[in-house]
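Both complexes below contain chain A, partnered by chain B and then by chain C.
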Partner chain A sequence: MSSYTLRNQIPLAIASLILVIVFAEYFLAMPKAVSDFISGLQKWTVILSAFAMVLSLLSVTRIHVPRVMKTGANMSDRALSAWLLVIMVITILVGIGFDTPSAQYQFIFRNLFSPLSSGVWAIMAFYYCGAILRSFRARSLEATVLVVAGFLVVTRNTPVISAIIPWWESLGTWIMNVPGVSGMRGLVIGVGVGVVAMGIRMLLQMERRPITGEA
Partner chain B sequence: MLQSGRILQFVYLIVAFAAVVVLFELQKKRGFLPKMRRLAALDAIEEVVGRATEMGRPIHVSPGTPSLGESIEVETIAGLAVTGYVAKLCARYGVRCIATAFLPEMLPIVQEVVRQAYIAEAKPDAYKEEDVRYLTDQLDAYATAVQGIVERENCVGNIVVGRLYGVSFMIFARAAIGGKTMNIGGTAYYLNVPHLVATCDYVLIGEELFAAEAYLTQNPRQLMSLFSQDIFKFVSMGLVVLGTLLFLAGSGAMVTLLKM
Partner chain C sequence: MTEKSEKQDLTTRLERLDARYVYLFFAALLIIPIVVPFGLPILVTSPTRDFYDYVEKNVGKGDRVLIWGTMTTGWWPTEYRPSIVAVSQHLFNRGAKLYYISDGAEDPLLVDTVFGMIDKGPAKYGVDYVSLGYYAGGEVALSAFAKDVYSLVKTDYYGTPVDQLPMMKEVKTAKDFKFVMHVTGSPAEWLLRQYKTPYGIDCGWVGSSGMVGIYMPYYASRQVVGFVCGLRGGAEYETLMKRPGIGLASTDAMSAGHLYFALIMIFANIVYYIGRKERKKQ
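The block that comes next holds the complex of A and B.
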């Protein structure tokens, strides 16, 4: 059997077969054995994800170990990579040794992950405001509409403006509920149709990239 | 026996299948090909790679941040098409392509997509496994890690197209301020579209995402499938108008039909 058949044809055939079974199970009233088989497939996904996790750990190790060992490299990069590897190993060992709901594992989560996460959020908020200021410039008709609508919606909750102009709040709410929601629904319908078309392309093997890597 | 409540979905699917096949046959017999409007975000990819070639700096690319549990989604598949295209251009022009994966199970897929792109450009030796990286499956940590890569590696472009849920728009925030990196984002997740508009130079919105592969490859089969997608969009719009009119006239026929 050629390498092409092994790498491409067989995975495609398996994927097509599974797709047909899952489709049939969704639309047709099938025997319980078939439904059980489909539920079993979800367990297979979990097992495959576990294998992928091992690959991911190897990927992280492969990138950061050489960086730590590299002499002459930036010291801060080396230190950060070493720190990442140490924390990763400790977290894995604590997770395996004590299980994830344990007090030890939760200690790491509460005292390392959560504060870092909050810190990142706090820093990002400033960057995000800067990005908004940069992009919200009325350079074209579309951008002007965006800026005006944004201004109306943001200021609708301002008590001072609402006190001076009583209909201001209603206008902001109308923008949210009428043009905003209808635009969003148009987007959702378009996406829904796009998803169906994409699914058909996958069933007809026009989109094979996730399986074979080829277009 | 068809399950009740899914009959209309089944009919829709069969008709959509038939439409794709008929349009494909039409293309084969008459050589008919629909014209696509320009998508600035996809056109800009070549510009970014060109800039990276001139400056000798890398590009970061990612097929998005699919939500845990939903695993590989349709948007991610569209994102993989863009990832493959970017990797191909990078291989062609000798630009370093740093690709990152959000979920562990996406890593082998991204590795394969990038490797195939290098093979397609007859440069398999230029493919570096250490440039296709798994970072984390925590959203804010991933966004921070990507920003770190973009900053440290001095990337010219930050191209993230695919499922971008939650706070994943933060991937673009730092680069949006510096002005040294061109941000190209794309998602069909409507709640994140305004954030992408605020932080990216070019954006693929909604269904434009699913047109990416056809647009980039100009493959006739995919273009015809896209054409059928547009026909169904018009049919959906017609059904919305018809349903509204029927409802205003006091008839619940459309609701009954959709519940079939």
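The block that comes next holds the complex of A and C.
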């Protein structure tokens, strides 16, 4: 058996077979053995997905350890990378040592991670402010459409405006329900058809990129 | 200096206005209503009302409700907390049995926060509500749980084997649930693909405010009973429950912030328009 077959044809054949079985099991009543097999595959996926965490942990370590060790690099970069690694190791050790529902882990989560994480998102509001002030201008027809749409969305989502001017809310709802829903439906149906087409191409082994990288 | 050049100078200065003043005013606008609430009115939108009405009319004592979370801590304070707390409180008030599970690593800790924020009444852990923890895999985990609860879940979040939890003996597959809701800011269709279409279970969403446009087609076609989105959705739900909470307390700040955004948009474009006109005249 050639190495091409081993590397490309067999993985493609396995992927196609599993695709057919999972697809059929969703739409048809299958024997218990097949359903159990699918359940097993799903459990594998859950476990493999959990291992993605380990991969990201290794990736962070691989990027930041050399950065800390690099002599002559920017001192603040080295310090920040070192800080990241120290906090990461402490959190992992507390999580493993005391378990995640423990008071120690909850302390880290509630008092460090949660405020920092929320703070980062809260800063976005100020970026929006700056972006509106600097860039949200009707410079062309396209930009005017964007500005008008942005204005409608912002005001429609303002609770006090909806309460004081109910027809404004109705106008916003109409835009959401008629042009918005039509556009979204078109998009969803288009994506659905695209996914089906991609599935068929994979089944027929016309789509090799996910495994072989070749067109 | 002539009047014309003074005008031009003013528009140029306004166009180059130091953003720090804008930020400072914005921060003040957000903080003041939280410290001294204005009590601005709020209108309840139909997706929130329909969600509330569904729970009120269809979910009763002992009905099992699955709450699948895909939340993030960053969005938690404003996007999820008001809605999930209000909806959970409503479900507890109705006497439903609540099964919390998630595919977001941070979710079980957030669920703990929910438990701490609501009045659970006589409800007991393991009998009336349970936190089943985090399972990676996204939609695949959601599907695995629907097919066979025990194939995925062996213990609850606190490490108790599920066979020791009385309420877990009542569920085997998705068919054992009356209602399923997904608390999420991204994938909208998982619930429909894995619960609504194959099992015919009633579904609803608690989402971030940006998801309204994504959810609307499914709500319009009645594939979901309704949805409660973001801070506003939470405030609307609290209004319906006549139980003011964190959502209504923050609504004034939201109104002030959004109005400010709208005013900046108008201001920036007027200044830009005048400036452009002046530049063209030259």
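To be clear about the criterion, the second predicted complex is superposed on the first by the 155 of 215 C-alpha atoms of A that agree within 3 Å, B and C clash if a C-alpha of one lies under 4 Å from a C-alpha of the other, contacts with A are read in each partner's own complex, and residues count from 1 in each chain.
In this text, a contact is a pair of C-beta atoms (placed from the backbone, for glycine too) under 8 Å apart; a residue touches a chain by one contact, two chains touch by 3 or more.
A quick note: this is a predicted structure, and the numbers were derived from the prediction, not measured.
**Q** Return first, second, both or neither, reflecting whether A:D99 touches chain B, chain C, both chains, or no partner chain.
**A** second
**Q** First (chain B), second (chain C), both or neither: which does A:N111 touch?
**A** neither
**Q** Looking at the overlay, what does A:L28 touch: chain B (first), chain C (second), both, or neither?
**A** In the superposed model, A:L28 contacts chain B only, not chain C.
**Q** Answer with first, second, both or neither: which of chain B and chain C does A:V160 touch in the superposed model?
**A** Only chain C is touched by A:V160; chain B is not.
**Q** For A:T61, decide between first (touching chain B), second (touching chain C), both and neither.
**A** So A:T61 meets neither chain B nor chain C here.
**Q** Just to be sure I read the superposition right, which of the two partners does A:M176 touch: chain B = first, chain C = second, or both, or neither?
**A** In the superposed model, A:M176 contacts chain C only, not chain B.
**Q** For A:M206, using the defined touch cut-off, is the partner it touches chain B, chain C, both, or neither? Pick first, second, both or neither.
**A** first
**Q** For A:F151, is the partner it touches chain B (first), chain C (second), both, or none of the two (neither)?
**A** Second partner only, chain C.
**Q** In the superposed arrangement, which partner chain does A:V46 touch: chain B (first), chain C (second), both, or neither?
**A** Second partner only, chain C.
**Q** Once the two structures are fitted together, what part of chain A is touched by chain B and by chain C alike?
**A** 26, 45, 48-49, 52-53, 113, 117, 120-121, 128, 130, 132, 134, 136, 184, 188
**Q** Give every residue of chain A touching chain C within the complex, in rising order.
**A** Touching chain C from chain A are residues 26, 35, 38-39, 42-43, 45-50, 52-53, 99-101, 106, 109-110, 113-114, 117-118, 120-121, 125-126, 128-130, 132-134, 136-139, 147, 150-151, 154-155, 157-164, 166, 169, 173, 176-177, 180-181, 184-185, 188.
**Q** Within their complex, state which residues of chain C touch chain A.
**A** 17, 19, 22-23, 26-27, 30, 40-43, 45-46, 72-77, 105-106, 108-109, 112-113, 135-138, 140-141, 143-144, 147-148, 151-152, 157-159, 189, 198, 209, 212-214, 216-217, 220, 232, 235, 251, 254-255, 257-262, 264-266, 268-269, 272-273
**Q** Okay, in this complex, where on chain A does chain B touch?
**A** Where chain A meets chain B, its residues are 26-29, 45, 48-49, 52-53, 55-56, 59-60, 62-63, 66, 77, 113, 116-117, 120-121, 124, 127-128, 130-132, 134-136, 146, 184, 187-204, 206-207, 209-210, 212-215.
**Q** What residues of chain B sit close enough to touch chain A in their complex?
**A** Against chain A, the touching part of chain B is residues 1-3, 6, 9-10, 12-13, 16-17, 20, 71-72, 74, 76-78, 80-81, 84, 101, 103-109, 112-113, 115-117, 120, 129-130, 132-134, 138, 140-141, 143-144, 152, 167, 170, 172-174, 176-177, 188, 190, 193, 197-199, 205-207, 209-211, 213, 217, 219, 221-222, 225-226, 228-229, 232-233, 236-237, 240.
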